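The two complexes that follow have chain A in common; it is paired with chain B in the first and with chain C in the second.
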Partner chain A sequence: MNTAFPTPTSTPTRGSGLGLLAQHGEPAASVDIDGLTLGYRGRPVLQGLDWRLQPGQVVGLLGRNGAGKTTLLEALLGLRDPQAGRVQLFGQPAARLDDAARARIGYVPQASGLFEELRAGELLAYFRSFYPRWNEAKVQALLQRWAVPLDVEIGRLSGGQQQRLAIIRALAHEPDLLVLDEPVASLDPLARRDFLRELVEQVLDRGTTVVFSTHILSDLERVAFNVAFLQGGRIALQAPLDELLAEALVASGPEPLLQGLPAAAVLARSSGRRLLRGVAESQLPAGVVAQRASLEDLFEALT
Partner chain B sequence: MSAGPATRPGTAAWARHAALWRQPWQARQSQRGWRSPWLGPVVQALGCIGLALAWPARANLFLALAALVALAWHGWLLVDGLMRQNQPALARLLPGHVQALRLQLLAQLGLLLLLAWAVLVLAFGPGRPWLWLLLPGVVMLAWLPREPGLWLLVVLANPLLPLWAWAARAQQAAPGLQLLGLLAAAALVLASVGQGGAWHRAQAARGERWRRATLAQREGRPTPAATLGWLGRAVTRLFDWPRRLWRRRVLALGAAAPLPARLDLGLGLGGQWAELAWGAVLLFGGILTTLGFNAAAHAGRDLQGLADVARFGVCIGAYSMIASTLYGRLGPLWARRREQALLALLPGVPAHDLAAQERRWRREYAMAWAVATSAVLAVGALGSPGSLDYVAACAALCLPLPWLAQHLQRRLQGPPTVAVLAIVPVLAAGLAWPLQQLGVPAPASLAAGGLAWWLLARRHDTQALALPVGRAG
Partner chain C sequence: MDTPIQFQIHTGSAEPIYRQLMDQLRRRVAAGQWTAGQELPSVRELALELAVHPMTISKAYSLLEAEGLLERRRGLPMVIAAGHARPAATRERIEHLRPTLARAAAEAHELGIPPERALELFERLLRSPEPGAPR
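Right, the complex of A and B next:
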């Protein structure tokens, strides 16, 4: 399908599906962002963004190039100061996390060729010296499985090996919040499958909150229980992926008929087409043709 | 399908030549700080003009020198710009590219040769074999971008070769032979443009590695080992082994290693002093050995006179060395912001308050300053009366340098300009001279330096002491 949907009409659905608003007495959300605004040299990137991730959620962050995914993830980790708004991790301001909170975070940045002068083994030894908890058995197993040589300078490793090393480093201290910025971009399909399996194991075993940005939609379908679409500096929609795929429809037909559809159900619109959610096919007027929306359709419409 | 607008072959050829000629200038203009390549020649030219005004009798010599340096520099930029476009893939796949480059190179170097010849004739008259002296230089210029090692040949062989005699013989040779010589030079210039063969590809790959290594060094990133050849790796290892040893020790200690040391390692700053100390051993060991041999050969020579002369260079050298650790920190601090993103998330890392780290850096500088000052005071004490006052004044002026470095590193908003810090030891060596002439005694200078340090330590800097992580470039 080659539909071009302009701005979606739906508001961000904080708390939809697994992303429920925290109630009194519940543990602090892993990530709690309110009204985050951030830009570069006068160009706004994030504009009053609200986002909340509950413990154990796995969220794939989707957005076009330049939408601000990396900026959002960096601001989420307190690496960029917001121009307005509030970012909290585990109930603490992201910019002033204590050591205990920092020990609960794993981060894989977009750039993988970091600390190029160190050998892979030295890098892991370096990071191990800071963390109170370090799963050496897991590190060794992943190193072996992903064939990352320990005695080679990182600058001389291939892009894929550097990426794998970064992922091993981020998983080694068994974080409660794992933030991954395009983590599988440099990996071959087998390594991607392995990495995603590891990610799922993390989530199932330890209840880790995972947020990762990616362009590879098929990977997202394999692991993300939730997807969040970043558009216009805000989270346009966040919902459980299977629920979304089951509920979302692409409806096409004469414009007068489409205009009669309930506004609350319309996620995005373009001439002669609507992306709908929460409407059964049987409820659509005669003359409107509907089909299940794929993740590509959703990506196209909501980012 | 419609065809594009028809272009006459002659117009297309001129357009190609114009594009080849423009490209390096456009590339330079788009670079940050594109004027900097001209800074050296401009300063040199101003110096020559100043000398010409000061010594009108030798004005032609100084003005010719200024013009020749400017021409050589301009020629280098032209040749370098053209040769950057001589890529093996383009040479093999783009019809006419090599020919166009060859024609450009030949025409531009020919013009350069004529201009340099005219300068020399105007300055010194036509009696000497200027053309034949300039010709090997022009050929060398064409080959240098592909074979930078030729510099070494120029430096080593130049004093040994009887260039003047050869040029004089060429000047007096029969016109046929002269024409043959000119044609041979032209053929060598043309041959410098590669055609995409194995040799050309190997040279291009080596050139690319060097460019990456130079860029990494300029940006304050570690030079990737992959970009160094075996010789580069061997030379690097000769100098950086203390740093690697230090790194291994810190990593072996693990969590038991002091946090500032671990943070220095992560920031790519650690081990500077070990490396500097080893560099000083190599440098001053070499100088002392040379002086020792010299002293043995010229027993009884005036040591005082030697110290009087040496103090300028010793002061500039010693304080430049220790200052290099200060400005050598700015580049990595800015260039490693991506690494800092990971460091800032590590438990125990004070990413938002580097006060302890800065105290450690200042303390290290103070210790190095004390060692350097002991050495320069020893040289001063060997010199004539007043020499000690001079070196003490120089030492005092260099003492507050870490505060200037700290000021700069707290306000990093882009790739740092280190010229301010690098030039301070030279300025200090210059300013110490009038202070000596004014009769400022050594203890007073050192006390003033100490007082300045104390006052700066009490000053409140409103800028946060945070890593520059997250700042846009």
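Right, the complex of A and C next:
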């Protein structure tokens, strides 16, 4: 697997400075994807996917195993070439980012397997040389708080320690866009909570755009203001999570009654059940029972 | 002595986090436990403490301000609004229980549990030393 990092440069870039402004004075979307199509050996994974992330958004990416979340995140970073479609980061083509734009991205891959023979200290020193900006105080504080040993070869660290190190490396250069692929899979609950706090602090202090995939719905519910559901090679729905929870209903009842529901309100259907949005419980016909949807219900229906 | 302002959230429910925060504050104020003038944690403090997106906190605070439960002061922490110095009357406070009990009543119907038996259980829960812990 590849990692996105820039080549050395002497021009420092500023966090949320003028670089964000496109010609019209509007900030360029952090991520702008149009019609992205990508597959492996004839098996389609992403099929004409459109997706936009605005600066400062924290978006949780949800999808079943094999839905293509990692493929999508890698294509988003320009690490995979689309068969069709367009991927832009900060207004630039993802495959041909300049160094300044690359330095604004932080990426925690699912499992890197790279640099296993290096020690954590050496790895960080190596990456430090690539970035115009590097928050050494933050790196030291996190290394200590998360108990990552500096003098042990990375290949001999535990899965959790490797994951923490990957997170520290991704935060060190204070990116404007953080892409996290299952960042907490090997972390214990306390480490996860501490990591979420760190994310919240990034958002508070720097307005960082964050996109992360995870199967741990409780984490997502806390920090993701928006959720995006990947299904059938497309983003089936993206919306603020609190609005979805407040508005979505799981309705069940006899099929003929369910078929009479307004089509525009149906987000997903399965036999005898519908996920609805934009209908009040009181408007449902007698014989249809509805309950407010939890994030787990939404995951089940929309992925 | 005021009860310290602390919030708890539960993930996995159909109740969005901002609503959980609002409901907790409404109940504490109605009970007279959090009273006029008491300072709330800043959005930043609460977001970091709960590990929750800051917009979720500010959304809850703004809606509570619109309801007249919170007061914003320039450059200072928000406070419980004036006029909430003492507990609300019991007939007002009990209204806060209505949504939860209405849900419980609907579920009792679905389960075919006779009213007496449901009431019996509720009474036992109310009188148990740790409310909410069935015994």
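Keep in mind that, in the parts below, the second predicted complex is superposed on the first by the 276 of 303 C-alpha atoms of A that agree within 3 Å, B and C clash if a C-alpha of one lies under 4 Å from a C-alpha of the other, contacts with A are read in each partner's own complex, and residues count from 1 in each chain.
As a working rule, a contact is a pair of C-beta atoms (placed from the backbone, for glycine too) under 8 Å apart; a residue touches a chain by one contact, two chains touch by 3 or more.
If you're wondering where the values come from, they're calculated on a predicted model, not measured in any experiment.
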- Task: Please work out whether A:A111 is in contact with chain B alone, chain C alone, both, or neither, and reply first, second, both or neither.
- Result: first
Between chain B and chain C, the one with more contact residues on chain A is chain B
Chain A contact set shared between chain B and chain C covers none
In the complex, the residues of chain C that touch chain A are 9, 11-19, 44, 47-48, 50-56, 59
The answer for chain A against chain B in the complex is residues 40-41, 74, 77-81, 95-96, 99-100, 102-103, 105, 107, 109, 111, 114-118, 122, 125-132, 153, 155-156
Chain B contacts chain A in the complex at 221-222, 224-226, 247, 251, 253-255, 257, 262, 265-266, 268, 338-339, 341-342, 344-349, 352, 469-470, 472
Seen from chain A, its contact residues with chain C in the complex are 58, 193, 196-197, 200-201, 203-204, 217-218, 221-225, 241-242, 245-246, 291-297
